[in-house]
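The structures considered in this document are given below.
Okay, so subunit A shows up in both of these, paired with subunit B first and subunit C after.
Right, the complex of A and B next:
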């Protein structure tokens, strides 16, 4: 039946067919589905993504002890190209893009006119005039409106480009054995491209675990063959597919923040006091006042000069071993000082760690005598605990193998 | 080379008013004008051999007395207020004398009384709004003592008249003019005049919500303290630009014409001067842009220097003109049926009813011109014989609705619209067609090109509720300062708006001189 013979009702139905798939499947879905023992899925930006596949604890230790394979395809990806791409991104984001070399990646963030963070992400420089911006939330209208006056082409490629994170001490060995030659020369935040099945795979030494690790990007059609290539080579290196639960533990250990988990993005925040400036979520080091003008510059520098910054993001070490997730932070056990946004008992640091957002002057002027109130549900009864918390630097876990070049094999 | 404390872009009357005020405040000021002569939209031009048009404006109805006095603009003829005559084609004219119809001929005694009551009400209400004209709009988040006293003054003047006046003000403020005229008047022609005056130059019909604001705006203007008055200075409209120029030169302002600005220099949020079209750099700590805000921020300032949100809001300023300007060269003075001879030097409005204005607006919503347009007419050569050869005459008309974005395109639309306009004129002044030596119709597209006015909109942005006061031209650039330090707005696109008032420029200069940072 062709379009001419279809009834209007059929066409209408076809046009809204997307509602039949409330969760999209990533290019790696077939492999993940085959491995999944626990059927523990969650919604990542509209995609069905595993929270865990087999066992959370084993998955965590795959990251820290062997090699872990994590599907990052749902990450939002934009391809930004053109003669003004560098100038455009320099105005859009906080860091100086002129300093980002070809085949390099940097972590950055971007703000609205009021200096409130819209998102953070990684910027890949694939060529002199070619970039990929990866982030948590979708920003196409903002990116397009920012393009006024620039010769630049902006395209969302989330659907077309599949992504895999390969993280852990044996990840380099996996890649080497998979036939990606010369990987040992890749320093952190370097990018290299390799042929794969008649196409190309882009590999960067990046990740969200604070460990040795890589991220691989490939066109959707070659996704499964890439997975198989790594899987086969990884067998001897104890490769394991993991879900977000394990990854989240390692990112907390690494001290990384997650948009709309550790801070509200400016476009998602409904309440006026929920938005955050870079300095309020530990991203002050990204702000480069010496580079040309960028979105939010004036507001950020004004807030610094006038000392109107209201919040601060800190790392906490908490006594005991009970995770303080979403616990309220107190000063002198009395005055409310803020909220824990992420917390775990760290198996690697062997410490009870947390990331917290505090309301200044707590965390800036008053840094001692902080407490968290943990509500632990014990057989239908909350057990309330007031635990001492100490501000400590992030990352909580610092691994020499993350940056060692050439990387180790185990 | 001389150094300057301030560069003003654009030698329109607002640019010159700003420059003069700044110079009188002790600043060394340079004005840069793209055209060969100063004057902006009041710049005259020869539209046919031997016939000159005095520019876009053909009447003065809101030149601020304090501005004129302060900067030394010495126009004469304030005392001679011009009448407005409404012609509906029936041959029975209504003529409003004095300041906006202090007395009226051509309607019944009851209608005269009704009009007087309405006039009194509207002038009182406009008087409350007028308090906000001579100062920058209050800044949200940084309301000053001056703002509070203006607000308190407005409140007090309401209370003084009793509670019901206050209630009526709030009731009427955002009403449409059609309903207001229905409340007071019965004569269709008078209602038509008010409908026309409320909407001239604005993309609204008389039945559109808030259309009364246009009339309020008109009635915040005065001539020598007489609200709603209109006059043509001695020497005609062509004497306005020279008067502003003289004032500026006397104050020591340097003016360079035929010197288009290519770019405003800005780096990391601070303006530092301009780059001319020929590449010459001129630096100054203050740059005053007396051209359209969209030209300023979308063309002259590198968009990289503005925030994405700000560029977005500037792009969203609605600034598409609706009015075409017609200049006719006639071999004799036209004879409008029913027009009293003594009202010939005044304003002639061709309108039958507010329904006609509303119906004329309808096609404009969909990108078409009015097949039955409404217009106001003056005969400029009567006040300034130099505009036409002896015995001949010029006619100037503002015709609406002629939307900037004509669906069919103006290259096709213009001859068709001109034909309609000339036919309308022929009905009101039989024989005028034969006396036409030349006709020059400027659509908003032509106005845009001739006067560097984006959208061909003489207010530099719609004069509607969402683009007034703290939102003129847009929130982050209201109050003359802009997100770029050292760069100020001083055109009709800034508060309070268009018309030959001098207020946007003068207010901007005073704001700069006050040294206020907020």
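Right, the complex of A and C next:
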């Protein structure tokens, strides 16, 4: 016991120098730094991350036309293991984890007792009793407290595991040429593991772009060699490293939401009316009322039954080509109906698209005669516009190559 | 003999705030101050050549920005600067630092516990939610449930509405927050001793309660609801020491035509037929005024300056039992060089923030045990800062002023009065604690000002040396501060008002009591408080 305490104190001391690098560098930083022409960094959960590396527009087209490499290491990662891991996660999250097979991934979300969404994320089933949960925000106290009564081990592993997203039409070709054999059999949300430099790399057919794509996870020490392996193989397939700006465009096209951008997470919301239930942010399809009890179940089902849901998240198509980011949505150009949380001109759909949070009955009962008021700053003057908006289904861009198995080479 | 429209007893920050507003509203106002300088507990004095101290209060956050703007304090020299970081030194030679950078802060907590690191967000959210509830109440007169005037009813409704904006869950949280001990409260979020000790400090500062005493969670809130330029909860230094606040106030007051008389101690507040007529000074001078506003604490005002026979018995009884217990001391130190703290990494910015040596709640509580026995804490907790690292105006380059707030320190030593020998022994416990973590510290000391509750009461006039003019526990807040039925700055004597920290919303260099008192006085005079801007919105 004494020896253990001592080593804990030693570890604590050894970690003191974290303050010398207040903005951490990801395991891939050396490669990103070498590529970066514009030094356009932002702070992603305490890490230095590129907003763009060379040219945001060209980076976007790498995702949609060739292969794009995006560093997802700062994403928060928890490893959840133990005999009760499945039962625990089933209690914690909205979807039925019993239906999640080994070597499969699903997108899910989890709520507090009031049915308010704490975060959304992807759950990787790496084994019968082994899972990885990836998300935007940090939840360790919540995950630990929720484990009461379950035999389960929960560990935060964000810094230990490096992650890369390889997305775009030639991403399969890159992996094949990098020597990852059998990738063609991977269906969307499948996971496979491969040897890499004496260790293992986990590859899943997942992504945040709505395109053909994969995510690769590897222990920190093997990060750079994995990058190099992809980079070398990617040369013939026009691989390009990208920053968040390009990724964000594609995720809007794919209709994906981002925590604390498109909705406030329950633990971040200071104002009581800012929290959201799954049905209020378009995540109603994740809720499985038929599975055993899960956190927030009663509140969510009560709200459905009593029709007390206050908000709704919708996809909008807006006339014209001026992006409506953070514009106010009106009904009949008069009554405030909500807010646009994300918007772009979609280069792929050639439409002006947006994700908006509306206050019911706007968006539920009143779905027509919606408008957005756009303030476009042009040479130090706001050009004010009232543009018609139409509710449309998400995703805005649906690509056959995303799900084609075997995947195409280009 | 000249007669003033209003006379302010005591030139502390609240007295000066009231004076400024009344003078600007067209009254002819006189401030009388017993010391040879104004400032009360917000002073900067040069007690040894070349060193300016913040003699009592030492950091600034609560002072309301609306007041700074209304009274043009920046024009009169007030500048508040943010500081960064801080650290608690642990007994095993390590430390827990605090950083302004969100992620650095989390990583620092993670050195001790990954769980606590991630729990901080939720803790900060809950504290911020409660602060957002209280902040709008600071600049409003508390409703008087005894009054049943339309205004009181509407203020009660306002309170109910604010409260009603909370979810039932948050309401429950509020009640818990206002009544719990800071130790119990922190236990719900954190598991690490040193982290809890670091956060608990704000719960007991200036309060004669231990971290395990119920009610201390609110005291923490009180220290979080300030701001530096909209950054809620942030603390800063007044450039030039805390005296800069009152210097700016006195210049603003004089610029608008007000008069200040220093070395003019009030010995009696005069009344005739239940109405005040002025004051008598210690030197026998009589000064007449239509209104008298006391910046002195409620005990000093009504138990020393007013004839007890002029007051209702119940009121006097309440005042006598208003809790105003001395619990802290202050050691101000002039240093000829910057102290070293080998535990900190070289170049660490922790030294520019608040530093403490108490690494567990239990040690704090033991310190409180000493106070209960009538002794100063053998192992005190210090809130120690070196403002001269950020403020070049207080000493010459390379030299430093160190401010040490010390808790606990009783108003009497085992039931008897303090002696000089006691004071020196008290100072020695402080210095030896610092020297344990900073080799060679003693050799750097050029001069020291040691203030026990005895010195604070004698100089500043605060009864028992209580820095808040009355403890900030729920039984002494809102319409119960200082006395039920007299929470709106008025007293049982016509024309006699209170404006000090004994009144709502309480202590700290906030200025809100002074402003609210001025608003009530102007209301009684049927003058509109034109120069008083509304409280900033909390959106």
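By our rule, the second predicted complex is superposed on the first by the 394 of 410 C-alpha atoms of A that agree within 3 Å, B and C clash if a C-alpha of one lies under 4 Å from a C-alpha of the other, contacts with A are read in each partner's own complex, and residues count from 1 in each chain.
Just so we're on the same page, a residue touches a chain if its C-beta (ideal position, glycine included) is under 8 Å from a C-beta of that chain, and two chains touch if they have at least 3 such contacts.
This is a predicted model, so every value here is computed, not measured.
Touched residues of subunit A were counted for both subunit B and subunit C, and C has more of them.
In the superposed model, A:362 makes contact with neither subunit B nor subunit C.
Look at A:87: by the touch rule set out above, it reaches subunit B but stays clear of subunit C. In the superposition on chain A, A:296 contacts subunit B only, with no contact to subunit C.
By the touch criterion defined above, A:150 reaches subunit B but does not reach subunit C. Residue overlap on subunit A between the subunit B contacts of one complex and the subunit C contacts of the other covers 114. Taken together, the subunit B residues at the contact with subunit A in this complex read 266-269, 298, 302-305, 307-312, 315, 476, 483. Across the complex, subunit C is touched by residues 9, 12-13, 15-20, 22-24, 43, 45-46, 114, 137-141, 144, 156, 267-270, 272 of subunit A. The touching residues of subunit C, when paired with subunit A in their complex, are 92, 94, 97, 99, 101-104, 106-108, 110-112, 114-115, 117-119, 121-122, 125, 128-129, 132, 165-167, 169-170, 189, 345, 348. If you check the complex, the residues on subunit A that touch subunit B are 87, 90-92, 112-114, 142, 145-146, 148-150, 289, 292-293, 295-298.
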